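Take a look at this one; I'll ask things after.
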Amino acid sequence: MLETDIYTVNVGPIHPSTHGGLHVEAIMDGEIIQDVVVHLGYVHRSVEKIAEGKTYQQFVPYTARLDYLATNLPVLGYCQAVEKLLGIEVPERAEYIRVIMAELSRIASHQIAISATGIDLGATTGLMYGMRDRERIMNIFEMTGGQRLLSSYIRIGGVAADIPDEFIPAVKSLVQDIPRMMEEYNGLMTGNEIWAARMEGVGILAPETAIQYGVTGPNLRASGIAYDLRKAEPYGIYDRFDFDLPLGKRGDSLDRWQVRIDEIGQSGRIIEQALKAMPEGEIKAKVPKVLKPAAGKEVYHRIESAKGELGYYIVSDGSSKPYRLHVRAPSFINLMVLPVICRGGVFQDIITNIATLDPILGESDR
Amino acid sequence: MKGQGLIKGLGITLKHFFQKEITEQYPDVMPELAPRFRGCLRFQFEKCIACGICVNNCPNDVLSFETEKSDKSKKKKLLSYSIDFQYCMFCNLCVEGCPTNCLYFDHDFELSSFEREDIKMIYLRPEGLDEAEDSQAEPEEQEDKEQKQIEAMLKALQKNPQKVLSRLLEGEEDINILSELIQSDQKTAGKIAELMIKDKEKALKVARGFINKEKKNRAQQEMDGGKGGDNDV
Amino acid sequence: MEALFINLAEAFTGWMIRLGLNPAWAESILLLVKWIIVITIITVNIIILIWLERKISAFFQERLGPNRLGPFGIFQTVADAIKLLTKEDIVPSAADKLIFKTAPMFFIVVAVMLYTVIPMGKDMEVINLNIGLLFFISVGSLSTIALLMAGWGSNNKWSLMGAVRSVAQMVSYEIPLAFSLLGVVMITGSLNLQDIVAAQDKWWFIVLQPIAFITYFIAATAELNRGPFDMPEAEQELTGGAYTEYTGMRWALFFLAEYTNLVAVSALMATVFLGGWQGPWLPSWLWIIIKTYAVILVFFWVKWTFPRIRMDHLMSFSWKVLVPVSLGNILLTGAGIYFCRWMGWC
């Protein structure tokens, strides 16, 4: 008999496929994974502590640095939380602009997820096509917010400035092209037999496990559970839009991948409806220069971010700075399920699973 | 049939092979930037009134300036203004807060430099600015102005004490006590209004004094079982 | 034009004999010159090929590719080579130094040896070997050892995993590779590559042996460690596999050897299945170059379209699909040959 031994392989923190400073310690028996240990904290910037030293308005740009691939979503969550805390009513037009920007961010984030999965699995061309389409969204962000990646466009009480004239045609042409983009991703990758073989049945996340671990977002929906905060607990004006929730059947990597592609289409539908229904009017509510919520008041607000349920818990002590701010980061909680879905697979499945769980380390480490 | 997906993928890449490249020819052709694009933060010295809103708004302590009390006009005089770019996160909060639009972002995005010191931008007071400003403001007018300001402050204090006092004090309870005081007593109001214009720190001290006295009074009253109902200061 | 290089060689030997050299010595010197020419052509060709791959992959991805240095960026690879030559040569302290250092040399030597038997035109090859095809297959499989040396010598888990994978992969794909060529050998009855080319004057073997061509193409991709079978390298998973610890020129040698292998295998494919140097109008040596490059372009196309296959799927694909199919092809070819003889067609 040959004597065999169990060995560990450290995937990361410096590794091409860990999407940032993620360290995954894989305990291997040959090519079979026995266990996986996730080490976090390489991108820790103490964002929650920084919040205690900044005024409510000053912290807005920092929130964009949490999930930097879906810029407007974390900012939207924070601004809505502060608005809830102070009881600020946001003007109608601003709400519609926010929905459009949020859904564009969701598309941008999913496109990154798609392209990153492409390159992680060796389909380099898939990366380029995803990035190429994302570029158009970045151009839209540039024309509205002035910056491409971290535009900090959404502000407490509304948005920073009204949309420019060229915004609506640009968004319309983008929405029109979404079916073509989806067809291309599906044709190049989803339909490919090698791709399907690498993803099908890999990293199966059972619905019960997903609920037990608190997994949210596309990962949960891929397991077949129709839970989306936009429908379950509509924030902002999301109850006015008609859209479907793409669901998976098996909960494997292929389902997680397919759900993301389909969600791009649904986001396109929401944007279309929002563009049609957008009224004229104010874009920012009257917000005092210094925000001082009543002492002891606290609020928890959650939104459906591109990665899952993003929540902000803010406690006020009556001053212009929050007493305590906590972020419920979906990536952090989704990553915790990685060992469960990796066990028993082969080494290459770790990469597939990280890619399809789509964590963002800026958010999970904070 | 197996293999169809592979052939479809090959077809897609082949189609793109003959399509036009979309690469931006960056150093040769400069990219077209949106009008709102935030490149380099610039400062116009002549427009600045040294109000400090930008410094207060900045989340990262990028901005700082030095002032000097002018001998003739008793007005704050801006000596230098510095932007420490290495900490800037281009959030636009300073530009939005600026009342005179002296800060703005231009489209220059090539901000890298060889030395760390070169990143910091310091604007020094241009020569010839002093004379131009001195000729505008005269000392007598200044005193008149102050008197007018005190009167305006007094009016505001009597009309809406909570709001005005929130600029001076922190804590809701204290503000409420003092505003009650002001509404009942003209003299106190006058004193606080004058001090608030002339010397804010002294105003704070005096206000604290008033509040403590009032608090003691109230505590006394409660101990007495609420016998005396009136506020007498 | 046709016999340009042959005439040049004859003139060279004739000149040496006239100088008073022994004909046997002149012949040896000519062999040496041929070798030097082969190596020069390989190196120059690789430089063009790397540029071409970067350019073509860029076009597939709607990019421009290298375009700064020289016309269309053609000197980019030269600049890269100079950069790699001047880089610090790092040998990990825990590495098995002898194996670590010899692995890249071994790899490139094996790769260059493949060129000795490929007919680059009518009567144009370094050695006209009567077991040319066998030589090619056996020498080609030696590169496995170089990869294993690199993986073991680096003393790194990633390298070793990459090396073990590549050995498993290459050993498995060696079999369908050889079997798919057997059909051609059965038809021609010779292992000599010139004979095989000569047998294709009417029909190319891609028409007579289409299944063999497809199985050979797949097996050759795996043998070359090219995408979608780039398992030993696997940048995204194994961070470079067997090459993880290599820097500078040592790494460049691996790179060079991989492209050398690519050209050799493509040339063999052109020789065995696409009629070799045969073709109308143009001289024979130009035809083989055109055909080789056409095959290389298909390799590029496949690599830049497909994702990487998983290790266990790769193995099961070889043993469960490719080996039975190539064996079936041999059976079919044998039956076909007997049928032809029985009918009196050949």
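Chains here go by letter, A, B and C, matching the order in which they are written, and residues are numbered from 1 within each.
In this text, a residue touches a chain if its C-beta (ideal position, glycine included) is under 8 Å from a C-beta of that chain, and two chains touch if they have at least 3 such contacts.
All values reported here derive from a predicted model rather than from experimental measurement.
Q: Between A-C and B-C, name the chain pair that shares the greater number of C-beta pairs in contact.
A: A-C
Q: Measuring between Cα centroids, which chain is at the maximum distance from chain C?
A: Chain B.
Q: Comparing chain centres built from Cα atoms against the global Cα centre, which chain wins on proximity?
A: A
Q: Which integer distance in Å separates the CA centroid of chain A from that of chain B?
A: 33
Q: Could you tell me the distance, in whole angstrom, between the mean C-alpha positions of chain A and chain C?
A: So the centre of chain A lies 45 Å away from the centre of chain C.
Q: Cα centroid separation between chain B and chain C, in whole Å?
A: 69
Q: What residues in chain A touch two or more of the other chains?
A: In chain A, 125, 129, 132, 188-189, 192, 194-195 touch at least two other chains.
Q: Indicate the residues of chain B shared as contacts by at least two other chains.
A: Chain B, residues with two or more chain partners: 6, 9, 12-13, 16, 22.
Q: At least two other chains touched by the same residue of chain C: list those residues.
A: Where chain C meets two or more other chains at a single residue, that happens at 60-63, 304-306.
Q: Which chain A residues qualify as touching chain C in the complex?
A: 7, 9, 15-17, 31, 118-126, 128-129, 132, 188-189, 192, 194-195, 197-198, 346-349, 351
Q: Note which residues of chain C are touching chain B in the complex, please.
A: Touch list, chain C to chain B: 56, 58-64, 301-302, 304-306.
Q: Could you list, by residue number, the parts of chain C that touch chain A in their complex?
A: Residues 57, 60-63, 157-158, 161, 227-228, 230, 234-237, 239, 304-313 of chain C touch chain A in their complex.
Q: Would you pull the chain A residues touching chain B in the complex into a rising list?
A: Within the complex, chain A touches chain B at residues 54, 57-62, 65, 125, 129, 132, 139, 142-147, 150, 152, 160-161, 164, 184, 187-189, 191-196, 290, 292, 294-295, 318-319.
Q: Quick one: which bits of chain B touch chain C in the complex? Just the residue numbers, please.
A: 6, 9-10, 12-14, 16-17, 19-23
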